[in-house]
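After this come two complexes, each holding chain A, first together with chain B and then together with chain C.
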Partner chain A sequence: MNKTVNQKAWFFVIPVFVLVAFNAIIPLMTVVNYAFQETFGNNVFMWEGTRWFKQIMLSERFHASLGRQFLFTFIILFIQIPLGIAIALTMPKEGVGVPVCLVLMSMPLLIPWNVVGAMWNIFALPDIGFLGHSLNALGFDYNFTQQIGDAWFTTILMDVWHWTSLVVLLSYAGLRSIQPAYYQAAEIDGASRWAIFTKIELPKMKKVLTIAILLRFMDSFMIYTEPFVLTGGGPGNATAFLSIDLVKMALGQFDLGPAAAMSLIYFFIVLLVCWVFYTLMMRNEEKS
Partner chain B sequence: MSLELKNVEKKVGLDTHIYRTNLKLQKNTINILLGSTLAGKTTLMQIMAGLDKPTSGEIWFNNENVTGMKVQKRNVSMVYQQFINYPNFTVYDNIASPLKITGVSSDETKQRVGKVAELLKLSGMLNKKPNELSGGQQQRTALARALVKDSDLILLDEPLANLDFKLREELREELPKLFENRDCIVVYATTEPSEALLLGGNTATLQEGKIIQYGKTLDTYNKPNSLVSAQVFSDPPMNIAKIKKLGDMCSFLQNDIQWKTKLNIKDGEYKVGIRPHNITTYKEGNNTLEIKGKVLISEISGSESLIHFTNGNLNWVSLSNGVFQKNVGDEMNLYMNTDEFVYFDQNERLVSNG
Partner chain C sequence: MAKVTLKGLSHSYLKTQSSDADWAIRGVDIDWNDGGAYALLGPSGCGKTTLLNIISGLITPTKGDILFDDKVISGLNPVERNIAQIFQFPVIYDTMTVYDNLAFPLRNRKIPEEEIKVKVHEIAEMLELSSTLNNRASGLTADGKQKISLGRGLVRSDVNAIMFDEPLTVIDPHLKWILRSKLKELHQKINRTMIYVTHDQTEALTFADQVVVMHEGQIVQTGTPVDLFEKPKHTFVGYFIGSPGMNVLPCQIKGNEVIVNGKKIETHQQIKKSNFHKTEVGVRPEFISFSNEGIPVKVLSVSNTGRHKIVDTESETGKIKIIAKSNEDIPSGSAFLKFKKEYTYTYGDSWIIE
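== the complex of A and B ==
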């Protein structure tokens, strides 16, 4: 049998190339273009080298929003990961409870970001919102539109509400994959509940938890819509996280050069943190 | 020391997993639960261990009723088909884990772990983690964990099933040695008759949640009390044929092959069970019977040859020593050793050995 030469198969691949080019490569290269040049419109560009990068790296405004971003991400990871594991541990393992819990857990994940923001905005309004009004009625001086602490509290609460389910679902899947024999072996040894958790469940969940932490890190580090709708970055700049600040700079002030440089720096931070984290978590796995 | 199941029964919903069972296991014995998947071996073991409660009936250990007693208080150890070890403990810590919980001094722990590790050839890998080991070594670690704590009852649930052939053979040979001179009752579940024969001790044949027969392994093998027990304890499966007895002559219903029998039973129809290795390509024993066969499949396993053939409208399996290839459709003569025939009555109960 002779192999037939037929290059027509390329036609099947071309649409993918075109699509990726249009939705990833071309926009990214545009950003790179802006990051190294100055433009005054009319497609006139002047080479600026690394000036915008230096400007951003030295800018206090960038440092402040980067700091806020890390603080926010750290807090929500610190809450969502343990809380997600805890909820997964208490979820039923069999019976009708399983689908009910899974569906209930998935609900927040299905709501669009801007709807979540709007929901929580109304929910937390101090005068008419259920949460805001209740807190004030209980004697707390709560107003997320004016007080920095309250704005942070509300943003974090919203994110925990929206995204803890993801950690729950991943942890639950991890827990369900542990063979019952492990629990029996621990029972025979007389291991305590805590020992079972730390010596069996946690090590066995390591991979899904790595994925959960990575996903939650990336998502929360790039969070935009929800805080934009909820607080708009305020009061002042109190909840202006990196992406909110970036959009302000790019579309509010139209500083395209610095904004493009900031985008690239932002992108590399996400990439770097994910890489470091993944390498650390998987260091022991690769040895075997 | 003894373990006794009295009228034990296990139901889950409407399903009966274990039918009413009475079984007494004596100290210093290896007891094999032999049966196919879903025969109830694991359920029975979990009931013995106290990991599961029987729906009715009692479990007595050393003349003490331990029904419903928690497994932690029972001094039991168990090895599973899957390699169950603590994933982020070293091999040493894994083996030492049962001792740590019971509060054995660190010097003694060290000494005991060292001894068991040597027995199981794990001395060189005490500092490794389970996922750095081969499957065989992982299972050795699990075995070491079970052996280190001097349990009264050691349960092994198909411990070799997940190992590949070479490792299985290797560990299988070491197993009888591991349980020597131990003051305990060993229960070993397996689907393979050859494992039961290798381990010796006592064997219980199980099918569909019932213990069919329990006794010394060789007795159970040589004198199956019923067709079911014989089938469970035969691999490859036993050949079954209907026969007719008239005077001192027996003959197959489906062909005119006849042989003399010393059976002292009344005339009529019976069933005969013939183990594949009693049908060979060469004469073996004093009373052989020639049978013509047409080859269906011929396969070589190790240094033995399996030939599936037809005679009349029945399919037969023969197992001969030596390696040889037969072509499909070949006509050939085979020889049956009539001394090894096992006779069953119409109700499939053992009649007597011929």
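== the complex of A and C ==
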């Protein structure tokens, strides 16, 4: 069948194009602009080519913050995904417990990022905070403002508290969508609880878990406000993740060129990881 | 392989029951012989799936006992009851191959791998799944998947009964025929008790030797397909089975005379008592013919199905359908109907008067 060719149809694309241009392409282009040039203000630019990219790629500071970023994201995924699934499995399936649990679970998700940071900052203060004071009273030498390990521990705990609920809610939705007949068939087939989990529940949750992992990866990889309010990237640079480092470079030191180059590299890493992960998950899906 | 007996079985999904409507099933008694093919037939919501799940042990009944081979098994779980069940839509383990799917119930029972291999190949052969044994089960079509569900029930050679819960719902019409005859063939081959739940009379009547018709949680009649057709014990069986269903007309009983529309008619039974709230006469369209005298009616319309004609007529107390031969002349306007005495029954409060 031949398709009708009508070039006027392009006009229908214009509104979307304009919208996308204003909210994504144009701002991104200014970043691209800075990434390849040097400026001293007054709208005077000098072409620098790939100099800033080379500088960033070779900078130890960037390697260090990228390393911290991957470590942080890996740790929180490693904790939040299994913990989220485990909580979802133990949640009630019917009765008044369901709305109660769902509301309780959604609470942390509703709190603004900087409030979470501020809350945990006060909560963890070694002298007056409930967490900090209790830990010290129990004999632990805890001070997240001075000790690197404590700073990481607190940041991770805060992120787990804030975001595990998202994994729980997604997993719970996935679990609830499994037809009762699957459980009944498994019961009749004599499957153990573990077999039900690995052969029915996990495969059926695959899609929501893919979404959960992607969301948690992106969010944690771009995390800024909470650690900024909690530790400010410290002690030293110990919790200066990519975005914190980026803001320091762009607004603290006013190194606009290197900061723009770093933004682009940062953006491509997020894009690349998401694309590879999603493609791998979906390729398996097509095979079946 | 077992004889299945249900004694005074009642079940309610509510904690307290105030009226009959609160019971999903009530007062069910059944005796099913070892190796028979039985169907539970009824409309949606009549309790047939509940009854099936009670037999398989997925639901614990509120009252009554379930016996396999005269041993009470009410307290046992589905594994201990050793039954197989096939559900409305195919249940397969997505991530496993067809082979692993079929082997799953055996592996859970710690049967040696060599024995599993023999058994799985035997069943795959029977269900024509041999060529797909190494494929991922999730890639199969709906009927292929349903065959796997069936196969998982058949691999265990010692199951007491195999239960089917509307297993052909999601299967394409042309494959329904094939799978249905496959089931019948399997039943003859392996000779195990099979219980088949459906709302489709054709499925029930072709599959089973004995059909149990359920209505509002009760068994209204158990019998062979011919019994259900020729002698419905409840007006519901009359409507539900047959196409079109039985004609049911209000009647008066005076002494031992049955009067419909002011005319005395002859019925199959001798009427002994008549203290009912509601009395009716039931006769199937197949057993009514036009005559020179009898019940006066007005002929409304005639539709020819090819094999026969369905005539709609109206009498004083309700519509009457008649099935006539396709070459028969149908009177127009007023006519008289004669009911065949042997197939005309009187019903008191919907139940046959005997």
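The working rule: the second predicted complex is superposed on the first by the 267 of 288 C-alpha atoms of A that agree within 3 Å, B and C clash if a C-alpha of one lies under 4 Å from a C-alpha of the other, contacts with A are read in each partner's own complex, and residues count from 1 in each chain.
Everything below uses one rule, namely that contacts are C-beta pairs under 8 Å (C-beta built on N, C-alpha and C of every residue); 3 or more make two chains touch, one makes a residue touch a chain.
Model, not experiment: these values are computed from the prediction.
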Partner chain in contact with A:274 - chain B first, chain C second, else both or neither: neither
Partner chain in contact with A:191 - chain B first, chain C second, else both or neither: both
Touched partner set for A:181, first chain B, second chain C, both or neither: both
Contacts of A:199 with chain B and chain C, given as first, second, both or neither: both
Shared chain A surface residues [contacts with chain B and with chain C]: 179, 181-182, 184-185, 187-191, 199-200, 203-204, 287-288
Residue numbers on chain C that touch chain A, as the complex places them: 53, 56, 58, 77-79, 83-85, 87-89, 91, 93-96, 104-105, 108-109, 136, 138-139, 149, 152
Touching residues (chain side chain B, partner chain A) in the complex: 46, 49, 51, 71-72, 76-78, 80-82, 84, 86-89, 97-98, 101-102, 129, 131-132
Contact footprint of chain B on chain A as seen in their complex: 179, 181-182, 184-185, 187-191, 199-200, 203-204, 284-285, 287-288
Touching residues on chain A, where the partner in the complex is chain C: 179, 181-182, 184-185, 187-192, 195, 199-200, 203-204, 287-288
